[in-house]
Every structure is written in structure tokens, then in C-alpha cells.
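Letters A, B, C and D mark the chains as written, and numbering starts fresh at 1 in each.
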Amino acid sequence: MTARVGVVTFPGSLDDRDAARAVRRAGGEPVALWHADGDLHGVDAVVLPGGFSYGDYLRCGAIARFAPVMGSVISAAGDGLPVLGICNGFQILCESHLLPGALTRNRHLHFRNRDQRLRVETTATAWTGGFAERALITVPVKNGEGCYVADSATLQRLEADRRIVARYVEGNPNGSLHDIAGIANDRGNVVGLMPHPEHAVDPLTGPSEDGLAFFASVLRHLVGTPA
Amino acid sequence: MARVVVEIMLKPEILDPAGQAVSRALPSMGVEGVTSVRIGKRVVIDFDGAPDLDRAREIADRLLANPVIEDFTVQVQ
Amino acid sequence: MTHDTVEIAAKEGHLEQPYAELGLKTDEYDKIVGILGRRPTATELAMYSIMWSEHCSYKSSKVHLRQFGDKAPASDRMLVGMGANAGVVDIGDGLAVTFKVESHNHPSFVEPYQGAATGVGGIVRDILTMGARPIAVMDSLRFGDADAPDTARALPGIVAGIGGYGNCLGLPNIGGELVFDPTYAGNPLVNALCVGVMPVNRIQHSAAEGTGNVVVLLGAKTGRDGIGGVSVLASATFDSVGGPARRPSVQVGDPFTEKLLIECCLELFDQELVTGIQDLGGAGLTCATTETAAAGRSGMHVELHRVPLREASMEPPEILASESQERMLAIVTPAALPAVLSIAAKWEVDATAIGEVTDTGRLVIDWHGETVVDVPPASLADEGPVYERPMRRPADLDLLQATDPSTLPRPSSAVELRATLLKMVASPNLCDKTWVTEQYDRYVQGSTVLAQPEDSGMIRLDEDSGLGIAISTDGNGRHTRLDPYAGAQLALAEAYRNVAVTGATPIAVTNCLNFGSPEDPEVMWQFAEAVRGLADGCRTLGTPVTGGNVSFYNSTGLAPINPTPVVGVLGVIDDVTRRVPMGFPAAGRILLLGETAEEFGGSEWAWVQHRHLGGRPPVVDLSREQALASVLAEGARRGLLGAAHDLSDGGLAQVLVESCLRGRVGARITLPDGADPFVWLFSESAGRVVVAVPQGAGSTFTDLCVGARLPWTAIGEAGGESLAVAGVLDVPLAELRTAHEGTLPSLFG
Amino acid sequence: MARVVVEIMLKPEILDPAGQAVSRALPSMGVEGVTSVRIGKRVVIDFDGAPDLDRAREIADRLLANPVIEDFTVQVQ
């Protein structure tokens, strides 16, 4: 049976349909989850998609973190449920303290949408197992607050534990420390990514198909893990 | 070293989407009894010489705030 | 306080009222008294002053805009024509598309970020009102000189505002324009376009019909922001100092609330719960209530005190004039009301029943039991004043057309031509626009097939069939200044061509007419000529005008801006996988379609090299444009085109540079024997396109050209690391890229 | 009706690009002698009951500020 991957829609989520399309293209079954519903409907993994939850006026992800669905996501993540936060989803994961550090205003103060070169730094997560070691990929970035910051102790730990999932190469689009584009929790089931793999699943509408492997990876991971 | 603080708030009649989003979120956090939330800017300017209020006021008026939609106050600290 | 009620107004008879301060002329005031058979109440007076303002009543432009309807080519695609919030065209497969461009020039000058942001919000609600899901936006921006202080003040905020609102709504930005010219100093033009799609059977109407139906106000609370915005902001000339003549109030946009409002309304439409819907934009509730009641030939009874307010102290005229954003007015049956309210609650959208539809033929508005308004709605919505403004051909036009650029010194040596090329591609109007377009989300919704810097934006509508649409917006104030009739047609031709080069077939037109003061006879003449040119052009091309917007009172100091009609053309393509990009492929024959004449009037070269504006604009040949479009559509359908890019500002040289840089490949060009390199490289003759044809497909494609009597010239091959024009220049791509891409970042950081 | 003001500033060790942009723009406005500009938030919360400092502090700590990057102060007004 195909894995069921939940895609959460918060008020202001924008890339939820694109994330669902990516799951489908990778061979999974997308399941729509609603912010106000604490029930995860037995999904095997969860994607927190990009967008501007609640407008992101105060601080990106600050309000979404309190949505009923997040309570369930946080506890399920503790039990090893694979969770991928993309852009706004990454911000929500940091605000929820599922991931360390914070995403702050881009150094140049502009929203920036460009096709970005990345290096996948670890295949030891639920969402990157399908990549070749140190794979170079092209995936769009589009954010105004994508500059990753954390204190030096945290950064050292992320480096030492190989929890930096992807790094910007050929130019850092927002000033992120250590060129960080994505990180994982220590268990590797929770991953936050600033770039948008769901926008790189079809050459007709994106710069590449490189993003597909994130979604294919979690499906492979799920097959490997007994239900 | 002198410090000047400029406080900028949207005019009362102007919509404050950020404040509105916060006050709407509060009940779901179990916080009741809040009638309004307004979110503005607090700008802290350090001068190496004496605090220059007029200059700070000029900065606020020309660079930090748009008098069409915002009010501001300037204080030495 | 006590309110001025209908009762008092009727009893008390004549009273000195501040109609002049509200912008009404004496004869207009007398007309109101005539309509009502008494003096208006204070609230009624405010409503008439807003609805009869230039912005709402189109009183100066109406008599000319009629041509768009009168001359409209027969088109079985038109489902909803001019006059609605936006026209609707049938694109097949049971789908309909609606699109429209609108100006927010003056608010964007006063508050760049919020002015531009609410401009996007407003046009998106226009599209939503038709029943469509908004699927993309575009923005046409014009500023003073790129290095002018006011440009540095306004541009970053305006771009950030367009991005801030559109990105937060989840609408991909797929194209636009960025033009610098001193004519727009202190009066930037901010024109926003939105396109939406819907099942044909979901088209909504903005009529209040069905006696007893409920009038529901959806969305944001009503506040004091933007009061008088329409009449003051949109209809008052800015004084010569550059500041607004009257300090207007500006609205702050809330894209998050708009996003919820969109999802809420679309669910209401899908469940067929509304009988009528109208967005609240300029003139707020005044406009929405009068227009829906007038359209329904019904009456309406509104209890104004039910309107949710941000400030309890607001008075009836303020509530009716407020331009608070993110609001819609829905007409629903009493039976549907509970379902409507629960869907609104699901989306956390405020919904309030504020009145009901009546059969009285009157719009009656009560305030805490007192009647403050009792008017025939059509008298506000449709029967406003209409002016035949005096017109005069500009006194300086003959002289301007006589000062032809043919006398200007030209580059001739290889060294001069190379220097000219590098200077041109780095000039503000021809340089790379990435600094702007990077601030816009092009990927959201996952259906963007083409976006900037391509000639058109293209969106896939159906993932299975591949059906899609393409849109381009274009305008040229210099051409229109030199000849308004031709200038408008050149803008139309360029947008039409930009759609055609992607492989799509142009089917419909929208427009935003940015002009000076209609009270200036010379401006009025420019306006009349431009409208006539556009209407004639649309008839010839068979692409009806589906809607648009007029922005008068654009001037820098005392001088009106160059007349600037911005034209948007919509095209359809039945399979987006057949799209044709602008970047050269690694190999292929390069052909120039069309004919090159010596045409430098209003050209970018004359401006960049000599700050010269004079002569006549390029000749328009609409049948040539049609031939081009048919050949390109057929070539795309049969997969004969590796690339296509249309020629406009900057001519052939500009297009070769853009297609090389975009394709990351060079080109070896050989101009025909005896060709003057300067004219061939920089002339701006219309009706031309550069295409790259795969080896082998060449003759098949040129046969198409011959069949369509379309002249073509083989000018070279794609390949290599540089752009080489035999015997003239050879510039490495890296050098071209540095010149082309460095300009905006160095200007704006 | 009671009013509580929450002032939120980025921690000193966190870079403030917006503040830097302002200080960089100042010389071109003829303003000299500014050593630093920091831009934070000023949140004005109205309660319908008595001013509830603890509650305001809780709102600030859980929602208004992100302790990872921001410091805040809470005062009754």
C-alpha cells in the first residue's frame, strides 16, 4: 500500500497544493490536514508547506505554532513521525522548538525568488535518504525571512552531528549562517528546508526535477520502517 | 554617547493587520480580555556626540516613518 | 449628535451645502436636487460627490470608451463584455478566463508600499467578483529617471508592496514592465493586472435581484482609512512641488484577510450560495450598494448601523465612503444565509447581514431608525454627468514630429557600434530587470510555464490537457506622445506579438489609460486619439477589449505625463508543452521575421544616446502582426521553433543579447549585403521577431512564412561563447552579462 | 481599561540588517555622528479588565517575542 503523507493547510498556507502534487508525483498518497483539526488521520508522514500562515505579520510561523494540528505534529514527531517543514513550515518548526535556531529577515532586506544551487549534506534523514552523497541540486528559494541564525554552540552541534541537511552553494541568497539551507533534528525524522523542493518536480513548471527525491526519500524510508 | 528612542505607531484610524492577527490568535492560546493589540516600531539611535533631538526627529520624519499613516515620538534616554 | 435625515431635508428645503468642497460643480449639484426633488442629505451629498467623481463616473472618458464596444470585433468567445468588473472570455474545455489591469498611481506616490500593495488587492477582488479564482498577477511600473531622488524614494517601496501583497496571496507574478522617463518624475505609474479562471457555469453577476434577498457584507471591518480616497486621491492633480495637492488618507492592505476572503468566496460560488456579488473598492459601500441595486433594477434597504466598524464613532457618510480593503458584498437568499455564515466562519471571515433587496426602486439607508439616504440607485451608478470635453491637437506636435532623429550623429566605426551596444543593453530601460522580478514569487501554484524575462507570462490551466494562457502588457509613452493613434496601436501590436512568440494565440485585450488632466484640451485630444487607435486596432486584429481602467490627472509639475496607454493581451495555447522560450538553443538557424526600415522616432537609441524625443514612431502594420502570429502559432504547434523573441525597444541588438544570455549560448550573425549595421541593429521597426529553428526544420518553417507572405531573413547560427556580428562586433557573453545585469543592483542596492 | 506596552529588541549579538540599512542611509541625508541604529517592535496591548502584567509577560514570552533571538520588556502604562 502506498504511504499516506499529510499536507497541513494553515490559514495563509500557499504551497499546500504544490506539496500534495509533489507527493503524488513521487508515488505517495497526499492527505489534506486542516490546521484546526488535531487529528492526523493516521498519516505516515507530514509536510508543513510554504506560505504566509496568518499573514506572518508578527514573526513567521509564530501564530501557526499554536494551531491544534501542531500539538499532534509535535508529539508524533517525538515518536519518530517524519516531518518536513518547507520555508514557512521550517519557520513553524523552529518556532515550535522541534528544530533549533531561528529564521530572520534576509540580510539584503528583500524577498528573493531565484533558482538556487544546493548541496545535500547528509543522506541520514528520513527526507534525504534517496540522494547521492553530497549531491548538487537546483531548487527554487523564495523567502523574505530565510536567514538562519543560531548561537555558536548550536551551530557547532549541528555541524558536528551532521544535522545540516542542505547548504547554499554558488551564492548565499539570504545571509544564512554557515550557508544553511536546511537542518534536521538529532533523530533525522524532522527536517526544515528554506528552499522549495515541491517547485522542482517538473521541468515544465520548475528549474529541475531535483526536488522529487526529498519526497521519494520519505516514501522509501517508510517502506523500510515497520508500521 | 547619547541614545535617542523613536517610537512609531500606525495612526489610530489606520488598520493594523499585525496587531489584528495577534489579538485574533490570543483566545486560542487561552488568553481572554484583550480588547486591542497595536504593533509599531521602536528605533534606538546612538549618537557619539550629544543627543540631537532635532536631527532624530528629522530622521524619523524623512526616513523611519511615513506621516501619512504613522505617528511618532522622539525621546532622549 | 442628530443626523441630517431625509425628513429634515424634505421639510427644511434649501440650505447652503459644501458641494464645491466635495468636488461637485454647481450644475451637478442642481442636477442632484432635481433628481431628489429636494436638497440632498449630508450623507446623500457625500455619496453623489464620490459616485460622480471622474474616477467612479468616467464622465470625461465615457463618450470615447464607447468605441471599444461599438467597434468590437464579433467574437463568440466573449461571455461577459465591457462594463462588468472585468470581461470574461471562453477558452474552451468548459473554462472561462477573466483579466483586467488597473492603476494605483497616486496612492503609490503618497505611500509607495501600501499604495502599490492595495493596488494589487483591488484588482484581485475585481477578478474574484466575476467568479474566478485569481491565478496570476503582473505589474507595469513607470518612474522618473532611474537616478532621480524621487525614483530612489518610491521604487523600492512600490516593488516591495507589489511583491508583499501578491506573494502573501499566493499569486505568481508572471510579468510586467519597468520603464524610466523624466515624464513620470513625481508621478510614477503603477498598473497592476490580475487574471483568473473559472468553470464557465460559475460566472457571477453583480446584481441585487430577488426581493427579500439578504445583503451580506463579507470581510474586514470598516474603518476611517481611505475616506475620500477616490475623489481626492484619484481625481486631484498633484501640485508642482510634487506633494499631493490635498493630504489624502491611504489604506493599509491586509493580504492575509484577502486570502481568506478569496477562499471563502470561491467556496460560496462553488456551492451556488450567492445570487450576486460585488467587491468593495473605490467608493466602498456607496459604490457597491448603488451599483448592485442599479444592476438589479431593484431597490435595497440597508441598516447602516449593522456594519461592523473599527471605530464606533464613525458617521454615516464616513461609513459609506470608507475604502477599507478586503471587503465584498454578497446577495444571498434567506434560505442560503445560514450556509453562507457557516462557510464564512470556517474561513474566519466576518459576515454580517446589513440589509435586504426590495422592489421599491430606491436605495434606502437607515441609521439607528432614521432614514439618511433615499435615492434612485441608478442616478448614482449610471446617470452621472457625462462631458464632451473640448479637445485640441497639441500646439507643439508638428514641431515635435518635425525634429526627426535622422539628423542625430550615429555610430559608424566598429568601435563605436560595439560601445553603443554595451551602453544600450546597460541603459535603465533595456537592462536586466531581475532586481525587481526576484522580489516576486513566480512558482507558487506550480503552474507557471513562462515568467519574466520571457516575452509573456504563461500559466497551465489543465494538468491533463495542457491547456494554458499567455499574457503580456506593453505601453510606450514616447511613441504615444509623438502620435497617440499610432502609439496606442504600437502598444497593442507589441503585446499581441509578445503573446504570439510564445506559441499562444491572442484572443482578448485589456487596457489602462494613463493620461494628464482631462480639463486640458490637448490631453483630451491625446486621449481621444489613443482610444480611437486602440479600438480600431482591436477590430482589425479581432481581439475585443474586455475591460480596463482610466487614470487621469497624471502630471509632473504643470506638465502632463506622456500619454501612456498600457495594453494587456491575453492568448490561449492548447498545449503548454509546445511553448516557445526566448533563449537560444545550443544550435540552430537564426531567422529575422519581418522587415527592417530606418525608424528611430521615439527610439531607445535616440533617448539613451541623445536624450532626444522627436519624429514619428515606427509604422504599424497590423496585418503583418497577424501573419507573424499565425506563422508562430503553427511553427510552435509543429515543434519547428527552438526559440522566439520579439523585437521592440532597442531593436535587433537588444533581442540578440537577451536571447544569447537567456540561452547561455552565443550567436554568429551575418547581416545582409549592403545592410547598414547601425540601422539593422538598433532600428525599432514593428512587426519583427527573431526565431531559432532547429537544423533540418529550416525549410519547413520558411515555407510557412512564404505561405503567409511573411518576409524573413536568415541572419546566422546559434553557438559559441560570444555574440558576433560579422565585420561589426564580437562581444563575449560574460562582458554582455556584466553590462546587462549590473545596472539596477548598482542603482538600488 | 488598562494598557500594557511590550518592547521587543533583537538580542545584541543578533545582526539587525534593517537598522544597519538606516544608519548607512543617514550620511546621504547629511546626518553624521550616529554610531548605531537598532529597530525593534513596540506592542501596545489593551485589556478590558485590570492591567495583567503576568498575562502580558506570558503573551510576550510565548507569542510576541522569540527568546532565541529577542529580548523584551513589559510595562503598565
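Observations
The rule is simple: a contact is a pair of C-beta atoms (placed from the backbone, for glycine too) under 8 Å apart; a residue touches a chain by one contact, two chains touch by 3 or more.
Small disclaimer: the values here were computed from a predicted structure and weren't measured.
When the interfaces A-D and A-C are ranked by C-beta pairs in contact, the top one is A-C. Subunit A and subunit D have Cα centroids lying 29 Å from one another.
The distance from the centre of subunit C to the centre of subunit D, with each centre set as the mean of the Cα atoms, comes to 40 Å.
Taking each chain's centre as the average of its CA atoms, subunit A and subunit C sit 36 Å apart.
Centre-to-centre spacing of subunit A and subunit B amounts to 34 Å, using the average Cα coordinate of each chain. Counting only residues that touch two or more partner chains, subunit C has 254, 256-257, 348. Counting partners per residue, subunit A has 54-55, 57-58, 63, 66, 108 as the residues that reach two or more other chains.
In subunit B, the residues that reach two or more other chains under the touch definition are 17, 21-22, 25, 29, 39.
Contact between chains, per the stated criterion, is found for A-B, A-C, A-D, B-C, B-D. Looking at the complex, you find that subunit C touches subunit A at residues 160, 163-164, 167-170, 254-257, 259-260, 347-348, 438-449, 460, 576-577, 749. Contact residues on subunit B toward subunit C in their complex (touch as defined above): 10, 12-17, 20-21, 24, 66, 68-69.
For subunit A in complex with subunit B, the touching residues are 54-55, 57-58, 63, 66-67. Every residue of subunit D that touches subunit B in the complex is listed here, in rising order: 1, 7-9, 19, 22, 25-26, 29, 31, 33-49, 52, 55, 58-59, 62-64. Against subunit A, in their complex, subunit B makes its touches with residues 17-18, 21-22, 25, 28-29, 39.
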